[in-house]
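First chain A sits with chain B, and in the next complex the same chain sits with chain C.
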Partner chain A sequence: MPKCVIDGKEVEFSAGENMVDVAKRAGIEIPVFCYHPGLTVVAQCRMCAVEVEKMPKLQTACSTPVADGMVIKTKSDKVKSHQKSVMEFLLVNHPLDCPICDKSGECDLQDTSYSYGDSNTRYTEERRTYLDLDMGPVIKKSMNRCIHCTRCIRFGDEIAGIREMVAIHRGNSTEISTIDGKPLETEYAGNYADICPTGSLTLKDFRFKKRVWFLKKTKTICEGCSRGCSVELHQDNNVIVRTIARENKEVNKYWICDEGRFHFNSVHNQHRIVAPVVEGSHSDWATAIHRLKTLSANQTVHVLIGTDLTNEEVSAIKMALPKASKTSVFSHFGTPGLTSAAKDEAADALLKRKSKTSNLHGVEKLGIAGFEKFDQSAGLVLVFSGGRAVLPDVSNLGKAKVIGVGVFTDEEAKTFAAVLPATTFAEKSGTIVNFMGIEQKLQAAIRPVGSSKQISEILMLWQNQQGSEGHSNG
Partner chain B sequence: MATTQTETLYVQHFGKDQNRKLDYYLSQMNGYEAAKKALSMNQDDIIGEVKKSNLRGRGGAGFPTGMKWGFIPKQSPKPKYLVCNADESEPGTFKDRDLMRYTPHLLIEGMLIGGYAIGAHIGYIYIRGEYTREAKLLNEAIDEAYAKGYLGKNILGTQFSFDLTVHRGAGAYICGEETALLNSLEGKRGEPRVKPPFPAQAGAFGGPTIVNNVETLCAVPFILSRGGEWFSALGKVEKSGGTRLFSVSGHVKKPGVYEINAGSMTLRQLIYDVCGGILNDKKLKAVIPGGSSAPVLTADEIDVIADIEPMAKIGTMMGSAAVMVVSEDYCVVKLLQRIAKFYAHESCGQCTPCREGTRWMEDIIHRIEHGHGRTQDLDLLLNISDNIAGKTLCALGDAAAGPVSSFVKKFKADFEAHIRGEKCPNA
Partner chain C sequence: MLVKAKTSLTQRFYIFDIVKGLYITMKNMLFAKKVTIQFPEERRNYSNRYRGLHYIKATNGVENCTACMLCPTVCPAECIHIEAGERPDKEKYPVKFEIDVLRCCFCGMCEEACPKDAIKLSNIYEMTVTQRTIYEKDFLVEQRGSK
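Our next item is the complex of A and B:
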């Protein structure tokens, strides 16, 4: 393997590797703004310029190919003074509105300024200001904060497949905008906020909700479709306020779709049932479990498994049912019209899949087939759902009763004999399998909302109560 | 249009409308004979002849033309292109305009030979948007050439085909930078590209591309018809062949386009002997020798040979050979403010130092010029220009920084007087 020397440290690299990335691997940070590993290299912010032996001018680390034997200095006086100067140039027109900026605390400009900038300012001229345009429901634009890195332009063009962000005017008046000021169209608009190195493009949904340093962050997987993008859920006081994309080169690279990004809002949906319900009325766990036990005993039970459940949940259900009923039949459900993993395919050119649930492929591997029609002999239809799977029509089942275990809204459950509320993807941990067959782990970001319980716990209560009538656990 | 030479290549044909016609070109300028010769030659031999000629790019950078042509790969899966840079946007430069007005067929023939030499079948003349008249004249000349079979398919009965199109810019200085020009040609925003890849590897539409200035291409037919050695000998300094067109403007008695043998005289001779000296016989204050981006020279620095290397040795540049002469009664602070305003206005806005720094410098110089300067401003200006120079993707940063640092250093007293609130010492 070829080697280069960065700040006196010998580092191996493979041909074509980027200097910023090679340095990073050696634990050396080269500050960047316009560079993003998922986008083309434009070398225009000039922040990453470093000294390369035998080259008279500073070289931008993002665009200069590393060569065997190259000697690179990232902390020489010449480099430090250049970094200071670029920071000064970037800040001469940047407003000092960090106290009310949503990006503050996770802002590349702020952090880099802290590490590489100067505490003094020499700028006394008037600052440049822009008028802002509304860019639609997802992104709030604050052009005065923009440092013209053009990541957003390249994201639209190269990743989202739509040229909607552009640079207009020229030089110091350059404005980053949408074409003709139109609202954003892409279904991946949230990424504009993720990749913006300042508070110029922020999420409207997150606006003024929380200072970022109060957020507790959990690395987990999006449950919006069978791709299973890596995400981070951010919460405070057990309320999720934001989802951001997490790098996963195999699955989603650096991006997530807006549907997945804003899916967390369903966790705190006011119509979600978060306490046991029996025959349409609020109840307690003991009563609800009793109801479940009574309706399932000596019955043929048709068990509907949402493909938004984890492998662990499905296995536990499969183990519990034979003990609790006469016979049981299993089918899975999730996306209307999509009854088998074989029919799951790409829904767009970037990330989205036809299966709108996360574990279709895992559930099917556990030997459960897609729901076609109700078993006529069933006396009970038992629905397990994580809240993302779309229920089949259960309103006209004749004599069979319906009990829901999982996440349901008032509307969905209005004909149910009982609802035993369980957890959403954000409140549980477990294994899911994406369309590529990759096993990924959900991590609970918050405690179960209301008195919801994990499905495993509900199954345990059900089994325990089979011998000990009336045990209260509500 | 004057000359000191007994024989000139270009300027003797300037000034008369009928000279731009094909008839004149064929009868008076040995038109398309060089192309006939070239099309029977081996491509490497043509490039070799151009290398021998010591022709250096006339757009500003002065890169050896033959060497540039040699960078084009022999085989390419993508089409190759020859692009003529007729953007001529460096302030003070107006020589290419005359070449396009009066000798358009010279340019067409030069492109035909260049296209053949590098294996390109498509040529573009990217002309600045303001040159509406010249674009029209070029198109008329191209039509004439097509009609007589000097362009199009199977030129002069050979297997070689070459199509030529005039593409008009929309008024941006930056589109004179070759990669910004290519972006603009492709219909993109006129912004310089990251190099490498250089245009010879991946230029217009991703194909290997050579971008040459108008005057550079106009020299090619002469080199082919009379030989590289003959052309090289026209130059009077090493590594610089041919004659060179100077655009002289400002406070001289006879401004205009002049043709002199490369390196055959000093700036002083050009200004006083050729251009008749300073207007109203005033004293000379300053000379901007190679377009507005060239660092300024004081009146005692003009005994320098007006060519690429002698100029570089004294810290300025020949650039596009646009010599702007400033007399003693003109305010250099005001002049620098105008230049700084130009570069701030023309920065494309990509690179941080140029986007932010050019405007900052303009603001400071504007304050000084209008009596609101501060003593620390001059050091600040020098520091800002230093932070821009060499720190940007293209040469516009250097173009903006050079005038500021040279004016402030060489005419410090004038700036200090403005800051002290004194009346401009000269104006």
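Our next item is the complex of A and C:
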């Protein structure tokens, strides 16, 4: 393998790699603004310039491929003074509104200015200001903070497949805007806020909700569709406030769709049932478990398993059911009209899949078939759901009763005999299998909301009570 | 083992010590300058650096605070609770600004951290209350004290 020397450190690289990536691997940081590993290289912010031996001028590290035997200096006096000057130019028109900016605390411009810039400003003239137009429901623009890195323009063009952001005017009055000031159309608009190195493009949903340094971060997997994008859930005080994409080169690269990004709102949905319900009225766990026990005893149970459950939960249900009822029939549900994993296909050119639940492929591998119609002999329909799967119509089943275990809204559970609230993807840990067959791990970000319990815990309660009651009766 | 202290005759004869003690008592009672004051009527002068009750400074009737959350970040007693919002004349302002004064340790870090010179500690030290009090924004914005 060819080798180069960065700051006296010998680093191996493969042909075609640029200096920023090679240096990063060696633990050396080269500051960047316009460079993003998922986008094309434009080398226009000039922040990453480094000194290369035998080259007369500074080279931009993002656009220069490393060559064998190259000697690169990232911390020489020449580079340092250059970085200081670039920071000064970038901050000439940048407003000092970090106290009200949502990006502050995770802002590339703030961090880089702190590490490489000067703490004083020589600029005394009036700063350039813009009027901001509305950019639709996802993104809030604050053009005054922009440093014209054009990451957003390139993202729309290259990744989202829609050219909606452009740079209008030239020179000092350059403005990043949508074409004709129209609102954003892409379903991946949230990524604009993720990749923006300043606070120019921020999420409306997250606006002024929390300062980022208060957030506790959990690495987990999105349950929005069968792709299973790597995401990070951010919470404070057991309330999730946002989702951001996590790098995963095999699955989602650096991006997530808006549907997945804002799916966390369902966790704190005010209509979600978070305490046991029996016959439409609030109850306690003992009564609800008792109800479940009496309705399931000596019955044929049709078990509907949502494809948003983890492999562990599905296995636990499969093990527990034969002990608790006479006979049981299993089928899975999730996306209307999609009864098998074979029918799952890409819904768009980037990430989205037709299956709107995360574990369709995993549940199918555990030997459960898709839901077609209700078993006529069933006396009880037991629905297990993680909140994402869309319920089949259970409103008129004749004599069969319906009990829901999982996450339901008031509306969904109207006709249920009982609801035993369980956890959503944000409150449980487990394994899910995406459409490529990659097993990924869900990580609980918050404690269960209300008095909801894990499905495994509910199954244990169910069986223990049966055991203890049988004992006292006998 | 009990050791009996040896005392001389004058020490055992207490009257000299009693007279000595009474002399000090009388001297302080009758002639020394008083250290107490008649509190509600008389007030002490505190230094301008005294850290008492908080207030939020306002400029032209608009509170200086932009809800940047630096004071709750730096507060060691976690007694400041802010909720941010937006209104037409101000991009970011505190919808809710509460100080749980019983938790406050009056360290003044909030005042030091504030980039907008909004939260200040006045020299008001009379904060006796009969129940747990959380001071809200409306109360805090009204400027009290001399700073």
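The rule we apply is simple: the second predicted complex is superposed on the first by the 468 of 474 C-alpha atoms of A that agree within 3 Å, B and C clash if a C-alpha of one lies under 4 Å from a C-alpha of the other, contacts with A are read in each partner's own complex, and residues count from 1 in each chain.
Simple rule for what comes next: contacts are C-beta pairs under 8 Å (C-beta built on N, C-alpha and C of every residue); 3 or more make two chains touch, one makes a residue touch a chain.
Every value quoted in this text rests on a predicted model; they were computed, and no experiment measured them.
J.: Once both complexes are superposed via chain A, do chain B and chain C end up clashing or fitting?
T.: fit
J.: Once the shared chain is lined up, is A:Ala369 touching chain B (first), chain C (second), both, or neither of them?
T.: Neither: A:Ala369 stays clear of chain B and chain C.
J.: Looking at the overlay, does A:Thr174 come into contact with chain B only (first), chain C only (second), both, or neither?
T.: Touch partner of A:Thr174: chain B, not chain C.
J.: Which partner does A:Trp213 reach: the first (chain B), the second (chain C), both, or neither?
T.: Only chain C is touched by A:Trp213; chain B is not.
J.: After superposing on the shared chain, does chain C or chain B touch more chain A residues?
T.: With both complexes superposed on chain A, more residues of chain A are touched by B.
J.: Looking at the overlay, does A:His148 come into contact with chain B only (first), chain C only (second), both, or neither?
T.: The answer is first: A:His148 touches chain B but not chain C.
J.: Answer with first, second, both or neither: which of chain B and chain C does A:Met47 touch in the superposed model?
T.: first
J.: Under the stated touch criterion, which partner chain does A:Ala15 make contact with: chain B (first), chain C (second), both, or neither?
T.: neither
J.: So in the superposed three-chain picture, is A:Tyr123 touching just chain B, just chain C, both, or none of them (first/second/both/neither)?
T.: It touches chain B, and chain C stays clear.
J.: In the overlay of the two complexes, what angle sits at the CA centre of chain A between those of chain B and chain C, given in steps of 10 degrees?
T.: About 100 degrees, rounded to the nearest 10.
J.: Enter the shortest inter-chain Cα distance between chain B and chain C once the structures share a common frame, rounded to whole Å.
T.: 26
J.: Could you pull out which chain A residues touch chain B in their complex?
T.: 41-47, 49, 57-58, 63, 82, 85-86, 88-90, 92-93, 122-123, 125-126, 128, 147-148, 150, 166-167, 169-174
J.: Provide the residue numbers of chain C that touch chain A in the complex, in ascending order.
T.: Contacts found on chain C: 66-70, 73, 84-86, 91-92, 115-116.
J.: Using the touch definition up top, name the residues of chain B that touch chain A in the complex.
T.: 172, 189, 194, 344-360, 363-364, 367, 380, 387, 390-393
J.: Across the complex, what residues on chain A touch chain C?
T.: 98-100, 207-209, 211, 213-214
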